[in-house]
């Protein structure tokens, strides 16, 4: 056990990514869904960094900065929406937001 | 007026539209306003007719293939241009349109009382679209007009129609549209082929005549393309079994709508075959000749039989149109000069006589508000003058010699006989059944005692109605007695048409054709 | 790859376990705290991969800012509603989601194993970065030269986010006046 | 060992040319800041000032954009952004779409009690995002621009905060949008891993230069990027968010989304698609597979969009499905773009035509909608031609244009699009497309049926049309007909735009 | 000059027609009496009679081989090589027809002035009558088939209009329609014949066709006999329709619904003979095809016999005459069918005289009886209507074949030719002879029942012309409906018809007597006259001697006398008749119901077509085609409804699609990787 193959790290990233995706799919609580999205973004970040290391190229790390920032802005707006929704619906359940259909 | 010589056709085509837009400025509130609107529209259509008559006067049959041409590049990327021109084939259809339009307008003076302004606007817009289709020498332009025709007609049926008007309007629109969309794909393909063969895109019909397309089998490009066009045209004609939109549309449309629909719109199909379908795809025409002749024959007999049992006058006339247009198809596909001339003439005849029939039905509909044959009986007694005109038009419809109908049907059958005597014999039975359904209808409506008290006090034709019908009656006899008036402007164009439609044929024509292939 | 397997597997195992907790635990607060652990584990792996600045930022921004925001919102909302612990969605959905994710994961892993990433050698080797002043310096220099556009754009993005968040979270308003 | 050159001085200065081509962006950004400042006015109601500022900004932006005719593509910021005719063309579209949306929403906001200055500010921000999206040459920039646009629009969708449907729409849009962004981003990461760059062109250059770089991971990356975009443009089967969001959003916002947002997504998609060489470039494997994928997607999108629209009774939702259908037609343009003479110009032209007619239609819907976006069911339109003939006429023109009936912009655009598809040999696709558009005619005409052929129901309420909205609708009618009658000009512009990319 | 012949009636028609349409028909306009319109119409047709006579005289002076006058008016249709002129050509054959048409026509017009005196719309009647004459003249004068066809259909139209003249009676209107439709069936054959002629010979002009054939019996080169046969038979179908032969005779009895002068003119004297005209005109076709000849002869003979059987039992005076007409037309075709075209034409002429006479006489009776047509309700009119009685007697004698009257000569000529001609046979002769006996029988029956014996109706006492016409009572022209007559039987003031009506009767009676002398056996002027056109009569087949001819003539005369005498005996004692009728009830019933032919046609053709049409409409047009069309719509709608189900509103489902799409694509890509 001396070396970690890149595919192992990358597979780890995709495990996290799909866990995040699964979270989006199976949770009814919107807050948790938002968290799952954060998980996905983190997985992406790690992929970037892994590649950055692998390729000896800092572009990946640079990207991660911007992604982190965007993620932050996104959560801000997302949480704002959650609050607004909670005000009218008194709920954060995705089952409650199925009026618009068909 | 500017450019009246160089843009003569444009003027004719867009004159009605100009009047339509100007008519929008007339304050059509109240009776006076409505009358003003009606008269204005009538004036517009009459002026258009006048101008188109000068087209007739100046057209030289011995002159160029297409006259009064105008060409303006339009979408150079795809080779589409604004190309107009007139030959004998379009000439008479233009005149038919402009001739019938004032009559249709005059005929609906008292029938239409609400939304007068829109009504006449749409009628004039429709006229522009129809004229445009007849003068287009560019397939793209043709398509534009072809489709543009649908909207006014759709609204005319849908707004001023009968009880089932919405269903009928929708059916009319969708039926026609589905057909024409496949035609659109074929147009794309043709333009592309032109690029491949000639090096540039073009949708000019005259350019497309020169295309070499592989044909002769069912799955060849030519056949498929021809079928795409034929579908659009056959629906418009309408050819059995694609005719079912027609009875509904006819029955529901207001009188003027039915008149225009029967008289001009159906001709678009035949015209399309003549202008586009045949000359571009000669081998496919030969290939599908029998198929279409069979369909045409079926249409003749089928239309007549089904017409026989219709309880509604307009529906009966509609099915009679199916039957009559079946003749057009077999005449066209007989591909000899007699048959084609007959077909063309039959289109004009059908325009006149069916148009007149619809106007007549409109006359009694206005009085009785029903078109049920069984609601009438003995009308002759109450409206003798009406009965006379009705009789004349009925005779024209059953193709009595001396009326216009005979010339067309006779030539068609004569022409078709040379190609396929068996089918022609079957088609000729249409002569019998045509008489059966028309006269039976006439008998039930006009003869017998006046049983329904509502029919007792019907007013005979008014002066206005006479004005509408008299030109049609005159046309029935003029066309029946002196068809050469029409043939002489037509002949060179028909000959060219046949030449184009038969040149690429793989097999030499049979001996019976020999006198036509000059 | 030249990293310590032990720490990698440690952090990776932690991250996987905690992420699973995030999506499986009913209580959002539990999920939130599991998420914090995931973030920490990620920061560890960043450090292993020589991305020290990112590791730090991960801790600051994610655990410090974003998570606090989450917890804050949870608290805010939780105060009102007793039945906040929502379950998971429909069984069928869970099965199909899990199955799809697993299949895709399989495909990805296969793809990662199949592909090689050695072909392109960049110039930012560890030694060069060290020579140029370390990871942080190089990154900052890059940010203000090559990456100036995204950098400026993120600022606009944040501005927009602020406006948006304010607009959306404002209390009720009537007739156009705030 | 060569030392790293991290600071390149040439990146720290900008030439005059570069500043000139950046003017539209500066104008919009500046306008956004000023509007933002204006929105916090205390003494004075910010309503009018912000409105005026926004409009002025947008029109100034249009003016500047039209005035800008770059001689060739100008790349900026280390090749991360391009100012070329393509972006310029789309910038104009976005700015006009935004301007028209702002014009029609003014009275709407008043009526609905939503007159917040942030509305206009957010529109400005999202327009900026769109403009950057159309000019991004780097995946990172593209992502940020996308997020900038999306974040503003998320909020706009949820702008009717007291309305549960608006909230629902915003929430769905947000979650799905974020998830899709994450997928897109993951794809970007994989591409970066295979090629060592995030520049759009760089990716494909490397892939072409070194075939070894085209590994399964590369293909997966491309797939994820493409799927992210397909999701954003709402192509089936990733279209499902769209009807819900369009229905829930305030009417003028829906109009803005169907035009501006869609155009922006397509603009970026075009750029990515062309530069990734999905149609002809990278390798044969990629090209062949993506052709099939797009083919299937296009058919599915057209079929689903049109057929489901048939069953809708709410006009807004119907137009949402119709929007999906139009996406399908546009995908036909993607499938066939490289193999026809017009190339992607046909698609580009279609985007514009669609924007024009849809903007017009939604402008009319905005005027027709009642309190809380009610009154947009089909039967509410009964007899509209009696109550308001001009609006009915305008709506008819837009709907007929969408149905592709001549002589409208929709017809001209469809004609160009499908004829390029035939040139590319995709005849079966075109046949499916025209049959679908035949289906579409039914539901467009159904609206006409209600407007023209049904009698008015209930008491006719008077419609007040503000001068702004009136001008907007009239302009769209004129444009629809003008492009329909004389498409040549628009085609040339679109061609130039695509070639300039 | 030729064009004046049809032009005069046309002018008459236009004057009367326009006057009627605009001056009389509109509500509130004063109705004109019969006088002026009648005078105009009669004048017109008389003028053309004069012209016809002049032409005839002109022809008399010409060389027999080139005996023809031709005039081309204008070019009707000209398409490619197809070329039709509106042109007239009068030669030996049709000059006779023009004379008969205009001559008999004039008399009937004259008669009509009296007969229609109380009608509501005499203007219309005379307009139609003139129109008919015009069309009939076009028919016989036309120099080519299309022009002939113009007249052919034109007379059909007039027949239709005049049969349904009293259209308020729906039965009459139906009879008119029936006539037109059945004629159209014939025209169908006619058209096919024309098409075949044109496609074979490239022309439709009689002269050109005749030249192609050269001399009798020879066929043009390259034309197979089958084609000739086909053409002949097709055209003969047309003749069957127009000239009321089996199986298309059914319209003629019904056509009696029209005013009696119409029956006389159209359905006895002129129109129905146009079939014979056509066959004789195109005799070269028929002589070229023995098959066609035999068909014509057989149909003619059988029709003659068949119609006669029906005539025996009819009660309606006009129906008897109608069946008699059918029967006589059969004779004419028999004549043509055995190659004796001149005999056929000869019979046309004599038949025109006596049958017109009989019809007009019947009209006079009906007029005098106030619309009573049932001969069983007549009787004893001899004294009441002497002039009618005597003239009718002449007519009856002529048709029965009493020697030295016109009918005798023409009928005997046909009988002899049927026996002796190469294409004839004893069987044909036998059938015709039996028919002759039956003819004598039923005509005498008619005569006897009408004029002899005691009146079988109550005679009203107040004599004089008290024309309280039913038409006036009812306010519309129901007046002549025979249904009304029946109710009015009580107290009929029978009166002799005015001179205006009896004068034509007398003239025709004279003609019926002398008309036959132009065809004196073995010195037949008419056969000689027609020879250039129809060819000479065939020489008698070998083994047929002249004495046989005399014997046969004697047999037929004897037959006629037997028929007449039997009939007289039988119908003197009406109770005997009833007894006899009872004995053969079934036969009587069949005959009285005209062999149920109408019913059979109704059941075999009319009803099935109607039912089938209904089925096509409801069962195919609406149920299949339209259902398919609507079905497309339904399927689209259904697809839409189905697809929208996946639009659950749940955002997770939406997101799942993203995943599913990714799986699909990734799988697809990786599958394609290898």
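Observations
So that you can tell them apart, the chains are marked A, B, C, D and E in the order they are listed, and the count of residues begins at 1 in each.
One rule holds for everything that comes next: a contact is a pair of C-beta atoms (placed from the backbone, for glycine too) under 8 Å apart; a residue touches a chain by one contact, two chains touch by 3 or more.
The model shown is predicted, which means the values in this text are computed figures rather than measured ones.
With steps allowed only between chains in touch, the distance from chain B over to chain C comes to 2. In the assembly without chain C, touching between the remaining chains still links all of them into one piece.
When every chain is reduced to the mean of its C-alpha atoms, the one closest to the centre of the whole protein set is B. Among the other chains, the CA centroid farthest from that of chain E is the one of C.
More inter-chain C-beta contacts link the pair B-E than the other of B-E and C-E. Averaged Cα coordinates give chain A a centre that lies 97 Å from the centre of chain E.
Averaging C-alpha coordinates per chain places the centre of chain A 6 Å away from that of chain C. Distance between chain D and chain E, defined via averaged C-alpha coordinates, is recorded as 79 Å. Computed centre separation for the pair chain B/chain D is 44 angstrom, with centres defined by C-alpha atoms. The set of chain D residues touching two or more other chains comprises 140, 144, 147, 151, 154-155, 158, 161-162, 170-172, 175, 179, 193, 196, 216, 220, 243-244, 442.
Among the residues of chain E, those in touch with two or more other chains are 633, 644, 647, 649-653, 655-656, 659-660, 662, 666, 670. Counting partners per residue, chain C has 89, 93, 97, 101, 104, 107-108, 110-112, 115, 117, 120, 122-124, 129, 138, 142, 146-147, 150, 154, 157, 160-161, 164-165, 168 as the residues that reach two or more other chains.
Pairs of chains in mutual contact: A-C, A-D, A-E, B-D, B-E, C-D, C-E, D-E. On the side of chain E, the complex with chain B involves touching residues 21-22, 25-27, 74-82, 146, 149-150, 152-154, 157, 160, 164, 167-170, 173-174, 176-177, 180-181, 184-185, 187-188, 191-192, 194-196, 198-199, 202, 476, 609-610, 612-614, 616-617, 621-622, 625-626, 629, 633. On chain A, the positions that touch chain C within their shared complex are 1-7, 9-12, 14-16, 18-23, 25-29, 31-32, 34-36, 38-39, 42, 45-46, 49-58, 61-62, 64-66, 68-77, 79-84, 86, 90-95. Contact residues on chain B toward chain D in their complex (touch as defined above): 74-78, 118, 140, 143-145, 147-148, 150-151, 154-155, 158-159, 165-166, 169-170, 173-174, 177-178, 181-182, 184-185, 187-189, 191-192, 195, 201.
If you check the complex, the residues on chain C that touch chain D are 107-108, 110-112, 114-117, 119-120, 122-124, 127-129, 131-132, 138, 141-142, 144-150, 153-154, 156-157, 159-161, 163-168, 170, 172-178. Contact residues on chain D toward chain C in their complex (touch as defined above): 1-4, 6-8, 11-12, 29, 36, 45, 47, 76-78, 80-81, 109-110, 113-116, 118-119, 121-122, 125-126, 128-129, 132, 138, 140-141, 144-145, 147-148, 151-152, 154-155, 158-159, 161-162, 170, 193-196, 206, 210, 212-213, 215-218, 220.
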